[in-house]
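Heads up, there are several structures right after this.
Each of the next two complexes has subunit A plus one other chain: subunit B in the first, subunit C in the second.
Showing the complex of A and B:
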């Protein structure tokens, strides 16, 4: 039976367009109204709104920066350094949490009862105490360390209430940053070569040679930079030396940084450990038996079948956990670590530009977490198992 | 590996799961080139028996020799036996994160140290043999059950094993796919591959088996050439089983 063409108000497309348009307009109206109200209230209190303050100098100091900063530097530079600190903490925290999580998760899914017990103890302890409590615990512990004069001697490293002093390369700070960046890049490229499907058709040995030569190249470039910038006539290693009330030489890791990093790593490690255990549990017995029946060694079964399949099961949950941990770095303010959140808080106190700075804070975390999730989601899609028919072999 | 020794020689094999006696003093000898079909009710120990041959299950007592190599605590002899004994599983157990071709080249490259190009050529040859060459770059999840099982057979063949073990290879397949897998198995049998098949496909047993073995409660109850086994089973349990399997 032929139906007459539907009138415009009965068409499904028109209705859905109207609904969507109405929703978007209402949202826009709410935002405009809120902005206008805030502006009116602020100017009634004699406060200027806008982002001009970003180019004025701060007049205060940051206690930890990766790049040089002085009170005469503008706000935007401080905010950028704060964001860098958050990224560094995220990198170290997530990296450490992943390593701890992999070890603990493997111990928990293994057959050794002693290892399983230890891992379970670890996870229950670190997962069930609030993160801020753990952070205060580590900070109290750091403050209870002896003063530099009586620093604990851990071989080449020194431990004191002023921080951890590690031996470093005797090169200028700028050169050290460049060297670290080159080494990270070399390592990342090598992992890319080893993991990428594009290189999958290469023989395993040349692939390893290519990856190894990338790492070697990075090491050589770093060595060249070190040679060029090393002050002549001094030793290659800069070892921390107690000198009166302070410690000279080496790399100082301030207690605030170390405590937050340890707290994030250990707390995150407990959660990642459970995710890792779940991932390994999700791998089908059949695939492992097939690999063993083909004569693969235990390590080959693990690295070619068990880990790749477990990783695919873990990744979607890991992405959540990573985003969560990045947000948890804002707890640094509780012990005085100058992360993005703390720099924003100080800036608000000093400049009074509350709304703008909160906007920047939200924008910054959105960009960081959104990028992290986007990259990992891309990886997740790239390695997702193709097709649905696994024939009951789960 | 001594290729003049019996392909498989099992003597007085015992296996327990807790207190359950899964294999009760089982003995079996399989000559090179022989095709043996093993049948029996579920829980009779068929799968356990063939899984002991490549040590996916560890036996508790008794002796298993594969081409003269004794399977004991020595990991090297287990590795040596696994290189020569291929296995095809009920649920295919392909590696879902690898293409069909990668599934087939993984073990030759890692275990036999075959150069990739040679391993790929070999894999393509066997994929053609199981009539699935056009799917070489697909992933297992994109194939039907019958296609996956044929890939699994090709994967086992790529190690160029002396013996193939089949553990209920058609039990998880839809009826219309059973024939395509059995066809491949018949081809292999006719080429002289030493095979032990745990299966309830009695037509297959009749067509290719040199010997049919009936197991129940962890023991070999009856073994005979297919004609005698199907026409004149001697044991009451065999008769009961056959009447149930052949009834429909």
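Showing the complex of A and C:
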């Protein structure tokens, strides 16, 4: 006997269709209502919506840019420079945090109790205080430094309330930017050769040679550019010299930039340190014993067995931490460093194109964070050992 | 193969000494590290003791010249300004109210740490009542308390309020988001996934900024409300997006059979979730949840940027005005100590819980 068909409103499929349709409609309605209200409110204030403002000149200045910018430049150029600043800060912050984290993590997982205690102290102190508090502290400290006339002399570098002055290569600014870009590109290509699956079938030795030659090529190209653009008859190094109320020569790192970089490095370093320690803990004792039983030297055990295995265990967690640190660069606004977020905020105040700029902000961060995560996830897949779980999900 | 000569039996003190020597001076590198670390530690400790205690000035009446002459910390700034740092611009005569309010929050946090309190109803009741008590104490308007508007709140109670309100609003939202992401309806699951991933890839600061400045444009007039509550909504949304993923992780650790058994018993969806799956998911996700609370507490300090005078900002105003401009280290040390107390306590508690939970399991 056939079952009587359930009434339409009780059938599972209908209900699920209705629920999903209702959900989608409600969400859509909320978005449309918000957009319409925003339009109405903005047009009441005499604003026109749209992205035309991107091509009008800004009329204000950024206090830190990698490439030249003037108040007559359009908004899109400023936004691009802001994004570039965020990426630069991210690069420096992530690099510094990784180095500090590796040192602290190694000290914490080592055998020496004194070193372990020192590292624990560092991690607990820097991890348990809000980043913005640390940033404010560094900034107050930087502002309390003596003025350029009485700058602190740290060998070749000078420290003053106007910023940190480092010795630099005596080449024009444009050439320095190109050199930095070439070096970064060479390094990125080398890492790609070492990590990408496409090159996995290559023997290790030629692969390493290829990567090394890429880096060498980048260095050679940089040297050629430096030789070509260096003003003849002057020294190769430009050293900062106090000259009255100013400091001439060298590279000036503005205090806002330096403080944000220091804060992100030290704070991130504490977190990365814990991740590194977790990674080393995840390496099985048997692996090390086996390596020692094979007669490997302590350095070989570390560099060929312990570090690679630990790195595979910590990479998945490191990816999240790196994304978090990139987002932390937005704190620049608290001290006045022109990162992407601060440029967006200033643009909102000056142009009033609120919705469009918030959209650009979200889009920018989505692109940066998703691409960072995508690259690192690929690296993670590329180095994963087949059939070997090092506990990456811990 | 020759047998190793039997080592002479060591008396315990000698063994301890040998272990010490092996750990601290096992190799030249290790010895160098020991000496360097001890040198740094002793130097820091010595300097800190001199600076913070021996050479410090404590009198509230001391001037900058006296502090500089003493050579150590100038705790006078704290003695003179502690009420500004702790309570911001809250009316001076009413400051017993925020003190009590802070005690209420400390009380509910301590209560929630007791395993006896870990049922949904008890926790919800504690936090709901605590938040209400806090609000009545701070805002006033009934029970003969004079009204103090949200614009006048500041310092530690504001920090605690933002934290508690974020948690109280964010936790139910997180559960909802986690359930929606695990939903069997593909549209709901997919769209919720996008929402969560998008929020997680945005910086909290930009979300706070959006809620403080942009959202008023998007809402009809009667929904706009106080800026403080909008910012809390933003913080709660961010908290919920992260916490939802933590709960989802907890769900993934539950054996499949649990859900199947609950289904076989004929339990409807809500009972299956609230009686069988969610409690287990929370248990598994407990360490990560506490960590998330710690992060949320530290992130309340970001409201400085959208113009609130929380503990950190009140500290800033305490040294930036008048004669205390030189004493920023002392003020930050004081503020940092308060944050550290909360954050370190919570994270230690989390570590303790994790160890307790793992006690039954064999460790690799």
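Basically, the second predicted complex is superposed on the first by the 316 of 394 C-alpha atoms of A that agree within 3 Å, B and C clash if a C-alpha of one lies under 4 Å from a C-alpha of the other, contacts with A are read in each partner's own complex, and residues count from 1 in each chain.
The definition used in the following text is that contacts are C-beta pairs under 8 Å (C-beta built on N, C-alpha and C of every residue); 3 or more make two chains touch, one makes a residue touch a chain.
It should be emphasised that the depicted structure is a prediction, and the values quoted were computed from it without experimental measurement.
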Subunit B versus subunit C as contact partner of A:150, first or second or both or neither: neither
Which partner reaches more residues of subunit A (counting touched residues only), subunit B or subunit C: C
Touched partner set for A:328, first subunit B, second subunit C, both or neither: second
Touched partner set for A:25, first subunit B, second subunit C, both or neither: neither
Subunit B versus subunit C as contact partner of A:180, first or second or both or neither: neither
First (subunit B), second (subunit C), both or neither touched by A:42: second
Touched partner set for A:130, first subunit B, second subunit C, both or neither: second
Which of subunit B and subunit C A:284 touches, first, second, both or neither: both
Set intersection of subunit A contacts, subunit C complex versus subunit B complex: 284
Residues of subunit C touching subunit A in the complex: 23-24, 26, 30, 33-34, 37-38, 40-41, 184-188, 191, 198, 201-206, 209-210, 213-214, 217-220, 298-299, 301-302, 304-305, 312, 316, 326, 328-329, 332, 335-336, 339-340, 343-344, 347, 364
Of subunit A, residues touching subunit B in the complex: 200-204, 284, 286-287, 289-297, 300, 304-305, 308-309, 312, 383, 385-393
Interfacial residue positions of subunit B with respect to subunit A in the complex: 54, 56, 79, 82-83, 85-87, 89, 91-97, 102, 106-107, 109-111, 115-116, 138-145, 148, 152, 155-156, 159, 172
Touch list for subunit A against partner subunit C, complex: 16, 19-20, 23-24, 27, 34-35, 37-38, 41-42, 110-115, 117-118, 121, 124-125, 127-133, 136-137, 140-141, 144, 284, 323, 327-328, 330-331, 333-334, 341, 344-345, 348, 354-355, 358, 361-362, 365-366, 369-370
